[in-house]
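Everything on this sheet refers to the single structure shown next.
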Amino acid sequence: MPVAGPPPIVTLQGVTKRYPGIVANDSIDMEIRAGEVHVLLGENGAGKSTLVSMLSGLQQPDAGRILIDGIERPIASPAVALEIGISTVFQHSMLVPSLTLVENATLGRPWWRRPDRAGTAAAMAAMAGRIGVSLDPAALTSTLSLGERQQAEIVRALMRGARFLILDEATAMLTPHDAARLGALMRRLASEGVAVVFITHKLNEAVEYGDRVSVLRLGRKVGGIAPEQLRSMGAEAATAEVVRLMFGTSDMGAGAAARPAPLPAEALHTPVLELLALYAEAAAVPLSNIEFKVHPGEILGIAGIDGNGQKQLAEAIAGQAPVSDGRIRLDGAYIDRLSIGARRDLGLRYVTDDRLGEGTVGGFSVALNLLLKEIGAPPYWEHGLERPAAIRANAEEKRRAFDIRTPSVETPVGKLSGGNIQKVLLARELTGTTRAVIFNKPTYGLDLANIAATRARIRETAARGAAVLLISTELDEILELSHCIAVMDQGRIAGIVPNDDAARRRIGELMSGVSRE
Amino acid sequence: MSETTSDIGDSRAAPSVLRREIWGVLAMSLGPVLAAFVLSGLILLLMQVNPFSYYGYVFGRGLFSPTGVQATLTRMGPLLLLAASLIVAFRAGIWNLGGDAQFLMGAVFAAAWTPLMVPHVPVWVALLAGMAVSAGFGALWGLVPAFLRAYQGLNEIITTLMMNFLGLSLASVLVKLVFLDPATTVPQTRTLAVEDRLPTLGATTISSGLLIGLVAVLAVHFVMTRTAFGLRLRVVGANAGAAVHAGLAVPALTVAVFAISAGFAGLSGGVAILGQYGNVRADWNPAYAMSVVPLVFLARFNGFAAIGFVALFSILSIGSESAARRMGVPNYFTLVTVAILLIVLGLAEYWGARQRQKAGA
Amino acid sequence: GEISSIAILTPEAGTDYGWNQQGIDGAKAAAAAAGIEAIVAENLGYGDVRPTLRELAEDKPGLIIAHASGYNTAAPEIGAETGVKVAIVDSPDALKANAVADYTASGHEGAYLAGVLAAKMSRSGTVGIVTSGEPPSWNSQSAAFAEGVKATKPDAVIRYAVIGPAAYSDAAGGKRVTESLIAAGADIIFGQGNGSSFGMLQAVETTPAADGGKVLFIDVIGDKSPIDKGFLLSSVLWNLEPVYAAMIADVKNDSFGSHNYGIALKDGSVALLKTPQIPEEVWTQVMAVKDEIVSGKITVTPHFDAAAVHALVTGN
Amino acid sequence: MTLFTDTFLIALLAGVVAAGVPLLLAGLGEQLSEKAGVLNVGIEGMMLGGAYLGFYVAWASGSTGLGFLAGALGGMMVAALMVLFCVRLGLNQIVIGIALTLGAEGATALLHHVQFSRLYPRLPEVATWRIPGLAEIPIVGPALFDREPVVYLALALVPAFVWLYRRTHLGLAIQAAGDKPAALDSAGESVLAIRALSVLGCGALVGLGGAFMSIAAAGVFVPFMTHGNGFIGIVLAMLARGRPLWVLLGAALFGACLSAATALQVAGVDIPTDVVQMLPFAAVMAVLLIAGRNAKLPAALGAAYVRGER
């Protein structure tokens, strides 16, 4: 292909990266040019983040060459990457929890200099305003929700004034509104001559903001759509093409399922999960006067901007955070004084959104992580003794059923890709008898096929008579699955609305504080 | 300080791989020992001492002489119990660095009460009771940091180190003021008669503490790697947040870990007294636990490897005292040898891990 | 009986101008005099001495000298097991014919004389005792020193401080505590401690007394005059050679284990070091007291427990 | 005859300083290293290294100033091994720390045996700097403001470290290296450099503390003379939870307890010595019980950083 104009900022030639038992990137050729938003797509574990880590200097390729501005130059370290002008928002947070956002933003400046906290804070606020998010630069990172941290990382990356910006699933934690703003910004940056690499699992975003698409599959680049092609294709056709490249079939994720059918009247007699005037004292967003009922078979969506107390709510119900007043009933019995384990024994499940922090033990095998909440239970343990065969069989079964991509079930779970770790969590929580399940952002980080599968499983869970609480920042997901939707704002329930034609508008009003009901 | 142990998934290897592994393990364990001796041999040369004769004496005494090897095996007993103590704690992510005081508490109370019991009950009852007492008081001393960690979130490295200093003082206060043998001028407890001590193995002088220690390490290894209880502890150790999320009773498990760990340390003291020493003198502190800590880390909390390292350490400590005397080298040289050995073993571990990674890639 | 060699075990290195060095030097001298070999095992610590005892016993020496109170349980046990004669300290009751004898070396008579000397030499009337711990041999000397001071000058003040529970090597602590005693008025320091005694010596050399004059130091067991800078007043010297020589003779005569051994002013195995710091007339007076002790006119009874020492020094 | 004269009180207070300064330096050093994520259990060895080399140079050159410098260097030499093995190669920090302590104990005892065990050379008293004005304050003045320069340096390091940790990028980088090294690395800073610098700094401080013990506090070197001060330094650093001022308070508490124990004995208060000696440790346990809740340690403490490792 004859090259017109300046050479690409980064050219990958036959770049290969191997990990024990897996070729994460297999001889990848790719060009990343100034002025383009280059969308990188691929299912979970396809090797996208691995590619990112090589571009940002965290990993070195085992084979192949990297050219910078047409000249071969290894990206030997993150410092080199930054020097070249490559700035990255990683899939998993790269902020120091014990520092404030401002301090995090000043990391990397000369040692002897005094941190310019005020100046940096002003710059951060300005940049945040530009992309339309609000953040408190003086906030201690550890007190922020994952979503807020992600916003801060985007702001920090943009502040560096890079000519090459990498966003690895940067919209995963954003509301559609904020994601759209970020998209607009990407377009603007591209028009100013910045190269953007954007990784997402949301095909609509890919098609809308991307100039060029590359698709990875099992570590190999299986195809792409060039800018001219993409422009000429139209959204519908482009999505279908991407799906074909990614999954080998084009009828995937076609059209979200309609709203769930209304519950039969008899289901509404006795609630499974009931919150009665629940209060919880938490440092930033205390819960106050939370009341709702969830019936058998019902899915109650919890919508709201990230960081409005959703996590506190989930933890209070699961027993991980203390309740200061009010009661929680499961199948009529009060459970608010019970331990986490006792609540679980009664059939309460909590799928956490913090998959690395508390969801899994990174150094333990996939097989053990799948049983983390059932240690000691037969048939995997008999009289307290491990039954390796049973544990393995269970893992192999889950691996198949949930399509967990791992070299082996003995691989430490921390070595899997983000999406595959999420599948391990889901596989663990969605089996066995359940009475009530709390899903906290269950599909974040999952690829299209897995999102569809997961949503089907959430529906199934409800269909088997369990009460489901679905916390999500994705309104579409909530509208697709929920019978009723509660909107959370500042630690309160701003209102609960049935999922009817007017739901989307009313949720929007509730979220923006326009109305209260 | 989370230590991700690699044998968690315990690979069930194929036979040929196994053979290669055994060779690897042999090379990995003997290689560094040789390298360490070459290095310390160079220092000996600087001191104008013949390294071959020196190490000849070390192994001649520590491993190949009949009384020497018996001394080595006897020395291993209490050390193995301490290894068991540390394996439990470290696998559960609890950095119990107070083993020496727990050891002494066990030793002092066993030494104080067993001789008093002997006249009234059959000897074996007194010995069993003495061991129970030592484990109990070791555990008791471990409970202070346990509760502080479990219910106040206090870091146990600080508290166990402090309890160590306090325990050393308390032990000597107890010996001097409370459990003093009225028959001597030297502040020490009553002495358990030689014939009332734990039986030796057959016609040797090897204390049966060795067997107790071996059983303890193997049992601990089994429990930690093959049982639900052990797995729970490992989850707490690897990621306390995940343990809470999984509904484990973290505070209770923490207390249990401390009790077991400190109990083994106390038992180690008891076995040392009941099997070898017969009494405790004021200000006595062999500081065995601090020597076992690096060995257990090198063994990566694996019981079998710990037995190997404890054996090596015992051979070295028994043998080098003899070698130092015969060669006219100050005994301090042993400290240098042990330091070099630990570093070289650490390097070998690093090298092995890199090889494994390369092989996997 | 036959005897061709003796062995001695000490907890620390024989270069401390103190307990270990006196033991080793004594054993070597006694062996040389008897024309036999002396095997030295030094620096063994206090942890586990049984393996060394067993190894030494393998060569069947005529006698093993276990030169530390910490060895007095192990040595008789291993002696019985291997059939080798052992000499131990601080266990007078352990006597056993042809097996065990005790030589509780207590310099209390010498320490009493040191007390007399200190009382006579002190300008301020306050003397200090510093020890690195409270083992029986330290205690008996501390107590006798205090008695000697009191007997000579009843209104003298005795200040007593221990550096730490087992602060044998804490030289900095030795200096700090000694400085406190000097500040409390002491101008004579009676110091007992191994490594830490060099810190005491340093304090004496660098800290003036309340009246601006010199503080003087009384040492124990060994003779530090080769390294003195003019502050060493005296030392309670122990000489173990006669003790060991008597043991060797008894082994030869098959009478080992029939009696214990001791050190005393009488036979010169305990002596007070004479230095240029001691004026002639004072020395004469002190020697007069020595004669009274030797003749039995004054009896100095040893007190081995810390409580007795505390009672004596606080009984001001 | 009153015991508690000015002279005696001055000596007690001076004793607090003499015992506290090595602990302060050890605690500050350990704190620096721990903040950067390296649990340095080798500081007992670094202290001995500093005590030996400092004493040797002061004795051989006759200059205490050179001695203190050499002490810092001695600590750094042992620390350099820690950097090589634990920071660069990522070996287990506890194994290497204990090995370095054992090795330094053995090596310095051997050297002492060869060089000093016959003569036990002792140094003359270290010259002090008298701070005009302050030194005139009764009791406190002579004990605190007429001291060896190292004492002032140690005290000045406390605000210096507060400034370093709060007000410089280096301070932030050190904290990041201990809490989330990957974040520091991806910001383009070298985790290895920051950690190496911190460990070397730790070695220098701890070595200086050791040299203070041998040159000023004892005036003589004897084997094992640091007798556990390094371990107390570890406790102080952890107790302080990252705040230099707390290290100072902790060191002062320890020194005060030691002096109080001496004062009680000299005053003839008849409690068993062993009980008195438990005072400082009991005091720290009491402080822990009252104030020590939820002691937070750097998240990556003790863990080697390997770029890109999951």
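As written, the chains take the letters A, B, C and D, and residue 1 is the first residue of each chain.
To be clear about the criterion, a contact is a pair of C-beta atoms (placed from the backbone, for glycine too) under 8 Å apart; a residue touches a chain by one contact, two chains touch by 3 or more.
Model, not experiment: these values are computed from the prediction.
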Check your understanding: Which one of the chains is farthest from chain A, going by Cα centres?
Key -> C
Study note, to complete from the structure: Whole-Å distance, C-alpha centre of chain A to that of chain C, is 76
Revision key, fill the gap. Between the Cα centroids of chain B and chain C the separation in whole angstrom comes to 36
Review point. Chain A to chain B: how many Å between their CA centres?
Key: 46
Exercise for review: Provide the C-alpha centroid distance between chain A and chain D, rounded to the nearest whole angstrom.
Suggested key: 46
Point to revise | Two or more partner chains touched - positions in chain D | key: 113, 223, 272, 274, 277
Revision key, fill the gap. Residue ranges of chain B touching at least 2 other chains are 2, 169, 172, 176, 330, 332
Check your understanding: So which bits of chain A are touching at least two other chains?
Key -> 362
**Study point:** Touching pairs among all chains present in the structure
**Key:** A-B, A-D, B-C, B-D, C-D
Exercise for review: State the interface residues of chain D toward chain C in the complex, per the touch definition above.
Suggested key: 1, 3, 5, 7-8, 10-12, 14-15, 18-19, 22, 113, 117-125, 213-214, 217-225, 227, 258-259, 262-263, 265-266, 268, 270, 272-274, 277
Practice item. Name, in rising order, each residue of chain A that touches chain D in their complex. Key: 53, 56, 58-59, 77-79, 81-83, 88, 90, 93-99, 103-104, 106-115, 362, 414-415
Exercise for review: Flag every residue of chain A that touches chain B in the complex, lowest number first.
Suggested key: 18-21, 62, 319-320, 339-344, 350, 352, 354, 357-365, 367-368, 372-373, 375-376, 381, 384-386, 388, 410-412
Review point. Across the complex, what residues on chain B touch chain C?
Key: 61, 65, 67-68, 71, 74-75, 168-169, 172, 176, 183-188, 191, 194, 205, 276-279, 281, 283-287, 318, 321-322, 324-325, 330-332
Review point. In their complex, what parts of chain B are in touch with chain D?
Key: 1-2, 148, 152-155, 157-159, 161-163, 165-166, 169-170, 172-173, 176-177, 290, 293-294, 297-298, 330, 332-340, 342-343, 345-347, 349-350
